[in-house]
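For reference, the structures are reproduced in the following blocks.
Look for subunit A in each of the two complexes below; its partner is subunit B in the first and subunit C in the second.
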Partner chain A sequence: MSEQYIVPGDNDDYIDKNKAMYSLRLFVTGASPNSIRAIANTKKMCEDHLNGRYELEIIDIYQQPEMAELEQLLAVPMLMRRLPLPERRLIGDMSDLNKVLTGLEIKA
Partner chain B sequence: MSKESKKVLANHVLLPKTPTGITGLDQITGGGIPKGRPTLICGDAGCGKTLISLEFIVRGAMEFNEPGVFMAFEEKAEELEMNVASLGFDLKKLQDEKKIRLDHVHIERSEIEETGEYDLDGLFIRLGYAIDSIGAKRVVLDTIENLFSGLANQTILRAELRRLFHWLKEKGVTAIITGERGDGKLTRQGLEEYVSDCVILLDHRIINQISTRRLRVVKYRGSIHGTNEYPFLIDQEGISVLPVTSLFLDKEVSEKRIPSGITALDQMMGGKGFYRGSSVLVSGTAGTGKTSIAAYFASEACSRGERCLYFAFEESPRQIIRNMTSINLDLQPYVDKGLLEFHAARPTMYGLEMHLVNIYKSIKKFKPSVVILDPITNLVTVGSVSEVKGMLIRLIDFLQEEQITVMFTALTLNTAVTEQTDEGVSSLVDAWLLVRDIEYNGERNRGMYIMKSRGMKHSNQVREFVITDNGLDLVDVYLGPDGVLTGSAREAEILKEQTSKVIKTNAVSRKDREISRKRKVLEAKIASLQTEFESVEEELNKVYIEEQLKDEIMAKTLSEITNIRRSKAEEQETQIRKKK
Partner chain C sequence: MDAQKPYEQLLAENRELQYQLAEAKDTIDAIRNGQVDALVVKGKKGHQLFTLKNADQTYRVFIEKMAEGAVTINREGIILYSNSRFAKLIGIPLEKVIGESFALFVDDSNSKEYEKLVRNGWKEDCKGEIMFSDTVTNKPIPCLLSCNILELDEGLALSIIITDLTSQREIQSQLKLKNEQLEEARSITEKLNDELEVSVKERTLELFDSREHFKSLADNVPQMIWTSLPDGTVNFRSRQWYEFTGLDVSEPLENIRGLISHPEDIEENNRRFTAALKTKQPFMMESRVKRKDGTYRWHLNRAVPMRNETGEITLWIGTSTDIDDQKREMEKKDEFIGIASHELKTPLTSLKGYLQLISGYKKEPLPAPVKMFVNKANEALGKLQYLVNDLLDVSKINAGKLQYQMLVIDLAELVESCINNARHIYPKYDIKNEGGAKMLVMGNMERLEQVMMNLVSNSVKYSKENKQIIISTTTSGNMAKVVVTDFGIGLSESQQNKIFERFYRVEDKKFMSSGLGMGLYICAEIIKDHNGIIGVNSELGKGASFYFELPLV
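The block that comes next holds the complex of A and B.
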């Protein structure tokens, strides 16, 4: 489904996502090994797959603990896709690139 | 629990405890759950885990000035607020006052993609932030097992949970963790291996269509605790746990005696009646006047100005009041004055525990000095004999602690051995009155015995228990040659005795009269003889006197004649001689 020409209206979302602006938020906890890996992995993923059409915000919840409740945080590191909607959440150090891309619906 | 027993515990236990504020639970655990440590509460769905832990938080905030964090993995904050509003807990207000903090943790597996190594620092920070923001001393995680359904990596999860409990301990908060009960394990995910200090198991059982919730302290490291299963209840005022028996048998006892309301009965017990704070069982077959005895006891207490609480399981209050007027006992004035209160409920209305709690609560509220349960027999319909016994033990325990005198009535069946009540409580009570039908001579009469009366001299006699228009009374039974006579046989015997007495006195008086009459006859005879004698005597005297008189006169005449003669003697003599 990725290679064929997409008829507008049939698979609108897919087209949108390929062109859409990605707004991402990565919640980490200080400089824990998981956090460091997650930051590196996410940055690399963004550069590779969302070149130029993403914004990434990295939040250290040690600094902003109120964010933890506000954003329903539980497991960290967590990558949140705020845009395009709907919101998606990925947890882990983002080492499994395939899962990250699927999760963010960047690549089917 | 009395202050004394608490002190005893405190001497033994160094473990600091946090009172939960839940009725009865602190009693079982000897002061609460371990301070600064996590406690696990586990049980099936719907057995009250959430409520018990929420009450822990709310009571902490309201009564012990210990703010608390409630982290809900299942219900949303608004749902919780609504659920406990019926218990009178205003969570919103408490949250505004920064006394408690509710945090709903939303976990949805479908929304989360796992992409490698992670930890639960998010939860830690969130919890830590919540604790710090209100200075919480208490924490509840309800139900943390939901994490297992939200996150796939069990290895990470288990390691993180271990870290979490450790972290909670370090934080110094007293925590309650709830968990669903699993097959053959206390919790589905084996949380008990992380929480090793105190484990409380909740259970919800339905026996004979009546459900009872139970609580058991499975484990409490470093502390004495009640090991039994304790029934507990959820009602309008939250959770109440009922210890089956208090851990100690060290109640105060009273030397004071209170009359039973039936003078003749008091006389059977040395003229003083029952001990205050004792328990009295009145048992008997149907229609032997158990309720009447109870009502008299109640009225007696009220007439002293004391309060009496009457639990009626068979009749409605109005019915009792009406029926008692037929034996000259008017309870209405006491009800009006607020000295007598009736609580009527069908036994089948709710389970035994609910009954017990109702009784507890009414007693706590009304503060009576006399309590009557009429009859306890019907409670068996909602529980097994041993359960009823357990309940009554607890009740007697509680009442003795409060120095309340209690009177139970119990129905015994004709076929059953009368020496034992169905409830098996006769060994528990201090005094036991047995009212029994004595069938004789084509009628049934009531006989009353005092089967036992601890700590006082009591009569071994059977008395006939009579219910008249004027009230209750005990009469000595008639011991005739044919054995014990009661009722009309007794009356007849008494009548017979009276008749013979009258006849006897009659006979005696007749004899007396006879004697007096005879005496009179005799006396009359004597009198007539006397008169006869007198007349004879007089006659004799007359003759004698006449004779005497005659003699005298003759003598006189003779002398006169002599004198005359003397003067004319010579001539006369001479004359005579001459004549001769």
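The block that comes next holds the complex of A and C.
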């Protein structure tokens, strides 16, 4: 499955995405306004659209710099879709829900 | 574009590229729109972080490093920020804490309290104790939560400082334990105290009862009762004192003795009582007490010491018995005895004279029976004279008129002559003389002979079966001692106590004996007047040893 590319228009693929377990990781910097917004927005998005099938890890790179190192970060806050593959990255406070859903390929 | 590639693959690649492009565009947009706080650049030394908007780094570090947990939650209860201390406290990795609902980590046992606290926290700053659940040990962790409303750009958040109270609780529980132990000890002490109090109360009541009992007893016996402290201070006088003397109960106790004692008795009374206090021996004295009508009445005063369990004297209990009537009766009796014996003596003397005249009648020979009758009459007369003399002595003693002519005499010699005399009178008795060394005393020959003969005749009188009598003379210290021992009926202890009293006779149905019971009384008075001691040692049925001691010259 990891080798399989996602093809738009493929019904099975969408069904698959809708059932798939999402593993997300949000990188933030402490309690900065963007971070806080990003956390609140991400959490809400997950609860609304991925209820029961997501895992969210929020990493404060101030407090856990070693986690940041592993991920080749460019800008924070950054939301990373680790699963399903391929990996996707969104930068910002996640306030634009449509953009986030599109970016993470979640059916609205 | 590689035309060899299948269309679908190309489509997928295109799609992927589009995503990456969108991602890059979004990143740039986010940076441009100020949605980015920091850019992370990998430098030569490795990872580097560039903060765009410089947050309050000082406070941030402070919060990150502090010993308390710091958490910020939004209205929905989602953790927007948590320091690592809090994550460590509940045993969950920090990345799993942020973004979670804060309520999730609260121990189920106090969810309601938590909700209430947070609800309140959104209204005003507040504090409260909440238990968290340690996911590792599953034990509740007591914490103090202090909630502060935080104004963020997007609205309000609740910042919560979490202080672990575990060690404090431990100290508290230890303190509590200690407190409980203390409380227990205190309650034991209290219980003991209560018991003690109860027993003291009981004792007091008993004491009160017994005091009341004593008081009512003391107030109701006809005698006058008093008690005094070991130093002689009178601390109680019964009702009868006040009735008899007419004194008011408010009269200070220390004044009473002086007010009611006869002036002639007071000095002797004090002397004897002081001596009794000193020697701790019972006190006894006759003295006069002033009645409310002003007349003095004779009283017999006695006092005995009362001792505690260690033998210490705690109280003297005294009685004063009105013996005035008896004393007057006795005086009357003595007077009568005096007169009677005196009156008897004259006819006896003439009777004796006439009997002597009869026995010495020479004009014509007397018939033998008459001679015998005269002898019998003389014998009886002798006894009668003896009794009358005793009576006279008694009345003289009581009147204080017994006269002595005191000379230095050898007591041993006197005893020996008495023994010789007694052997003549009581030829059937085996009278042994033990001792005999010279013992010089100051005394009246006739009176001491009287004592000796009295003791010997007493021994004879009460030992009709075993006819042995032993008389010994010894000296011990500065006293000469004479002992008359018989092996007769002996005396009981109560008899021994009374034997020297006036008119006392040992009653024994088997041994009918004559006499008025004055002999030993007279002996005792004579020895007393010689500054001597008289006494008896005896066992009932085994005989008696009468003795007297006189000071050597």
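Assume the second predicted complex is superposed on the first by the 95 of 108 C-alpha atoms of A that agree within 3 Å, B and C clash if a C-alpha of one lies under 4 Å from a C-alpha of the other, contacts with A are read in each partner's own complex, and residues count from 1 in each chain.
Basically, contacts are C-beta pairs under 8 Å (C-beta built on N, C-alpha and C of every residue); 3 or more make two chains touch, one makes a residue touch a chain.
Here the structure is a predicted model, which means the values were calculated and not measured.
*Asks:* When the two structures are laid over each other on chain A, which of subunit B and subunit C touches more residues of subunit A?
*Replies:* C
*Asks:* Touch test for A:43: subunit B only (first), subunit C only (second), both, or neither?
*Replies:* After superposing on A, A:43 lies in contact with subunit C but is clear of subunit B.
*Asks:* Just checking: does A:26 make contact with subunit B only, subunit C only, both, or neither of them? Give me first, second, both or neither.
*Replies:* second
*Asks:* Determine where on subunit A the residues touched by subunit B overlap those touched by subunit C, and list them.
*Replies:* Residues 29, 32, 34, 37, 61-62, 65, 68-69, 72-77, 88-93, 95, 99, 102-103 of subunit A touch both subunit B and subunit C.
*Asks:* Which subunit A residues qualify as touching subunit B in the complex?
*Replies:* Those in contact with subunit B are residues 27, 29, 32, 34, 37-38, 41, 61-62, 65-66, 68-69, 72-79, 87-96, 99-100, 102-103.
*Asks:* Quick one: in the complex, what on subunit C touches subunit A?
*Replies:* Contacts found on subunit C: 8-9, 11-12, 15-16, 19, 22-23, 26-27, 29-31, 33, 35-40, 42, 46-47, 49, 51, 53, 55, 60, 64, 72, 74, 76, 78-84, 94-99, 152-154, 157.
*Asks:* Under the stated contact criterion, what part of subunit A meets subunit C in this complex?
*Replies:* Against subunit C, the touching part of subunit A is residues 5-8, 25-26, 28-37, 39-40, 42-44, 56-65, 67-69, 72-77, 86, 88-93, 95, 99, 102-103.
*Asks:* Can you tell me which positions in subunit B touch subunit A when the two form their complex?
*Replies:* Residue positions touching the partner: 103, 105-107, 111-123, 125-126, 128-130, 147, 150-151.
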